[in-house]
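The structures considered in this document are given below.
Below, chain A partners chain B and then partners chain C, in two separate complexes.
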Partner chain A sequence: MKKTISIAVHHLTRVEGHGNITVNATDGRIEKCEWAVPEAPRFFEAMVRGRHYSEVARITSRICGICSIGHTLASVKATEQALGIRVTPQTKMLRTLLKHAENFDSHVLHVYFLAAPDLLGAPSVFPLVATHGEVVARALRLKRLAHEWGSLIGGRTTHPTTVIPGGFSKLPTVRELEGLKKKLLSAVPDLAATLDTVKALSGAIPAFDRPTEYMALHAADEYALYDGQVQSVLPDGDKASYKVVDYRKCTNEYMVPTSTAKYTKNRLASYAAGALARFNNNHGQLHPEAKKAAAALGLKPICVNPYLNTVAQVIEIVHSYHDSLRLVDELIKKGIREEGLVKPTKYSRGAGAVEVPRGILFHEYSYDKDGMCLGGNCIIPTNQNHANIQGDFEALVPQLLQEGATEKGMEKRLEMLVRAYDPCISCSTHFLDVHFVR
Partner chain B sequence: MSISSARSRLLIGLGNYCASDDAIGPRLIEHIAEKGLEKGFRAIDLSGNPLNLLSYLEPATARILIVDCARMGRKPGSCVFFKANDVKTQKRLPGMSTHEGDVLKILDLAEQMKYRIPPLEFMGIEPQSTESGIGLSQPLESRLPEYAAIAVKKLCGG
Partner chain C sequence: MPKPRVAFFDFACCEGCQIEFTNYGDPAFLELLKHVDVVEFREAMSEKTTEPIDIAFIEGSFTREADRARLEDIRRRAKIVIAYGQCATTAGINALKNHTKDYKAFVYGQDAGMPHLDSQKAVGIDQAIPVDYYAWGCPVNKYEVLQIVSHLLHGKEPVIPNYPVCVECKRRETICRYDDDDYCLGPTARAGCGAPCPADGIPCEACRGFVDNPNHEALVKVLTKRAGMPKGWAEEKSRMFTANQRGDAK
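Then we have the complex of A and B:
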């Protein structure tokens, strides 16, 4: 069908930060099809120069208000590698528990507040209060659970204070962990209802397959979130592994004229990071309950529909919930030991990676002999997804034109596609902008 | 392990620490912690995650004062107390995410969801700059101790 289309979405809503969508087609011929990120660079790598190693994670945690736990963990891990610090098994367990809290929290926010309005045909979560009040109430209960869970382990859930190089500045007590277990157990009905809701809405998720490369952390003994090596899998199942310290070899950052953010690529022209990438790489290591959830929601590896990233997030909500119950039980059984901080044994260069809600996150620092930071580098997952979003646009727009989609319909599908990646383009300012009415 | 304690008075700082004067809320909380001023109330840094405010809207909370950067058309550094229904947001945000969200919208959501909202006021501070960068502008930095004293008096003296 010959169609003329003009779409210009400036400041796409319900994503974190500022991104633009532009599509122009005349008589069915596509002239422009572009995903652009116009946000100003934020220079965190410069801000850490000259800072003591004990301060660096405090600064880089501020990169994001949603993924601040992940930034703290990636930063501390990179510093620990540079300083020759090997943390204790208890520290690793507690940090994994904290990582689960963040992914659970962020996924609940994305699934219920940012993606569900699209599936229910609402402009935002607000109209859903009247029509689906119990669903919104459930989302808020789950968010609160994650807030309490993260606060217990991290001191606070936004910009955690207890995670420091070498271990923890404050540990939870066994009694507090027993309290957390009780709260987790009380969330079983909400978790089951979440699955039911997503299953009921899954028919509204668009069908669109575009095979690409999927990159995530991979560990031999667990569904990797806190630790592991880098792994990428192609649609035919071919896998490649990279050491975290060699992350530049698999991210290959480059500049594009349309965006201020750097783009990345590896074995193909683009790759995807995030829940779907983790699922495609590590599905065999999901908790059995999460595997059941995947079966119930019909998600199978290797899934190449980017819209189903939201479904993969739901599966990870189930995984984080059950794996956290396991970790809490184990910590209660072993008891919490007061451990001193592991001290530095050298000062050099190190890299760390964790899986934040939106995908694999890399931090790297180098330190001088006094432990002062000489330089840093952070590659966030949203930037790793930009080239893939552009690739999706280039495949989806001709398909939609072929299907005879209306301009409005096409705009919605493209917006939904970007939102499915749950991008966190930058933490913008939050100031109030008001005028007085009395 | 509750995040609230009985009849607590809460001083909550909101804002982006790395966006100049937008950091006034978190910086005030940091100042209070550094100077050991947290007595008879809890100082909480919610930074860029205002949705978590909902966790504190419960019967155990006696009173909340939110410190936030506010564009009010006044002189940079001006400090104004107001309640949510004293003002109308100028932001045009059809959706809601924690980043683009507006704490006033979050309070709307709380009201619609029938949360028990304790007495809650804002201490709005007019910014000079909200550009990317760590550190307040001079007009705000120089008044940080004064803002802390005013906030504590408002929360505990009233």
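Then we have the complex of A and C:
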């Protein structure tokens, strides 16, 4: 019997941005198996040229609506590096608190709205309002909490206002931080219920192991999100580290004809970035409560099932929550000082990196003597995952064919795989590139 | 009466305005769902429709001819089309490349000619299809969006401001950026956002675009004379979000 499989998913749903999946197979022979990115390119690099350093983060923040806090932080850090600005410890604490808010916010969105419907057999969160009303209401409450938490520090969560080179344009008051603490504490039951829900649904997460390289920031003293060096770990535990300024040496971008996004690679043919990559690199530095959550959900390093990125996100939700309570307490104890902005000491070239929800993000800019931008480069986590997604496809499709999966079943498994990476495709086709005008 | 059918669509953008839709919290969001049926929203749902739509929210700019047919199809099926967010209204930040000719070569180098990298001048969606209402801003003001929907559900015309951001700063008693040794585009920027940026200690960048008939010449004068901005920068300043509304728009 001749068996043909033909899957053509045009504009995959429940992901940020536009991606296509194509699989053609006849009699178990794969003719085509492809993850492609047709998102309209937007040319941010052409946009930052000639703009003042104070405007650059406001422009590159617009690369992505979901991780605009991360883009703003990476951009501001790169600019500060280029301008010889060293921010104060208070600024670093507040930015870390803001980074936590973004990761919490984005992970809640992904786990509840984008990934959970697959596990419940629903096409989206909307029909769940009728069948699982309390879960949807809980997701919206957590989302709202993250929005208020991020807005207190960053002004707002979509394209933050207060984060500028040298520090903050506006600081929260101790009283406002006490209000945030109260809100955080009131979310304890929702957080516990989140763990219960994910535990109950985790049986529906597909088993699929494909060892690869995992890249993330690493810091000596904390689970790195706001700052650190680049680290990559292989499935056998072998680690390599790189300075942020040398980020090109570990990302090695290249163009492919099927995608408007650039691909990357490092020690292997592809690598993964994101919550699972962070967990695999830095699990020992998670908050004790997050470690407990990992044990309860059965996630152990080095985990090589990409579908479990969603579970790693849940563990990070717990980490960001508890580490933020610690930071808020410390800020309240110390009191908030009006410090003013740290001024530029030079105008040159600099790079910065942060961990955004989907993985490690690099920005780099150079400036002329008047502080006007000469050019920039951004390498986005989703770009770094494209080649790894393609690698997963090439391993998973033969496995599914062998299992005798139906076309529909195969399509769902592939869609779920892409969704597990929580891709942010608008980000990945921003098209900033490495042309520096001298 | 059946609930109005609402759908969200996206073109060249960051999808941040769609994210704003998830930031209302549970009371407002669940209440909204009592009054409308969301029938298509690719970023959040797998359901799709080919049926008529009552209100279509379209996010993102029109940047390539290949997108025209999709826009026309949405227009054919939708009773009301709302340009949702600045990318859709005037192309916002996407238009910041329009005044340059070399953006493709500059970004892609030798790969610039690859056909799938096609991108023309970024313009608002009303350059491809007729638009009924404009939800300005980068990002949109999510409460203004609720108000627009509420007005439409009640058969009223939404009221969208056409006065400068300065009015809103005065109303909330924010110290003028110019009095704080800064600059600001508030005098010519379209209000409706509630002026959050000056209140957060940063200038208004006119992310909702200009008011109708802005006095750009006077703006440049204020930027140079009052804020001491170098002339070249002052002339370029407003391009960030208003490239397609300036006198020198390409």
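Following the convention adopted for this analysis, the second predicted complex is superposed on the first by the 423 of 438 C-alpha atoms of A that agree within 3 Å, B and C clash if a C-alpha of one lies under 4 Å from a C-alpha of the other, contacts with A are read in each partner's own complex, and residues count from 1 in each chain.
In this text, contacts are C-beta pairs under 8 Å (C-beta built on N, C-alpha and C of every residue); 3 or more make two chains touch, one makes a residue touch a chain.
Note that the coordinates shown come from a computational prediction; the quantities given were computed from them, not determined experimentally.
Once the complexes are laid over each other on chain A, chain B and chain C cannot both fit and instead clash. Look at A:Thr72: by the touch rule set out above, it reaches neither chain B nor chain C.
Contact with chain B, but none with chain C, is seen for A:Gly179 once the two complexes are overlaid on the shared chain. By the touch criterion defined above, A:Ala137 lies against chain B and chain C together after alignment on the C-alpha atoms of chain A. Look at A:Pro257: by the touch rule set out above, it reaches chain C but stays clear of chain B. Looking at the shared chain after the overlay, A:Phe43 reaches both chain B and chain C.
Once the two complexes are overlaid on the shared chain, A:Ile59 sits against chain B and chain C alike. When the shared chain is aligned, chain C comes close enough to touch A:Gly155, but chain B does not. When the two complexes are overlaid on their common chain A, residue A:His147 makes contact with chain B and with chain C alike.
Of the two partner chains placed around the shared chain by superposition, chain B and chain C are both touched by A:Pro117.
For the contact definition in use here, the residues of chain A common to its chain B contact set and its chain C contact set are 13-17, 40-43, 47, 59, 62-66, 68, 109, 113-114, 117, 123-126, 129, 136-137, 140, 143-144, 147, 156-159, 427, 431-433, 435. Residue ranges of chain A in contact with chain C, taken from their complex: 11, 13-18, 38-43, 45-47, 49-52, 55, 58-59, 62-66, 68, 109, 113-114, 117, 123-126, 129, 136-137, 140-141, 143-144, 147, 155-159, 161-162, 164, 169-170, 255, 257-260, 370, 372, 426-427, 431-433, 435. On chain B, the positions that touch chain A within their shared complex are 1-3, 14-19, 21-22, 44-52, 54-55, 68-73, 82, 85-91, 93-105, 108-109, 112-113, 122, 124, 127, 130, 132-134. Within the complex formed with chain B, the residues of chain A that make contact are 13-17, 40-44, 47, 59, 62-66, 68, 109, 113-114, 117, 123-126, 129-130, 133, 136-137, 140, 143-144, 147-148, 151-152, 156-159, 172, 176, 179-180, 183, 424, 427-438.
By the touch criterion stated above, chain C contacts chain A in their complex at residues 10-20, 22-26, 29-30, 33, 38, 41-48, 60, 63-64, 67, 92-94, 96-97, 100, 102-104, 106-109, 111, 114, 116-117, 119, 122, 138-139, 196-197, 199-202, 205, 230, 233, 236, 240.
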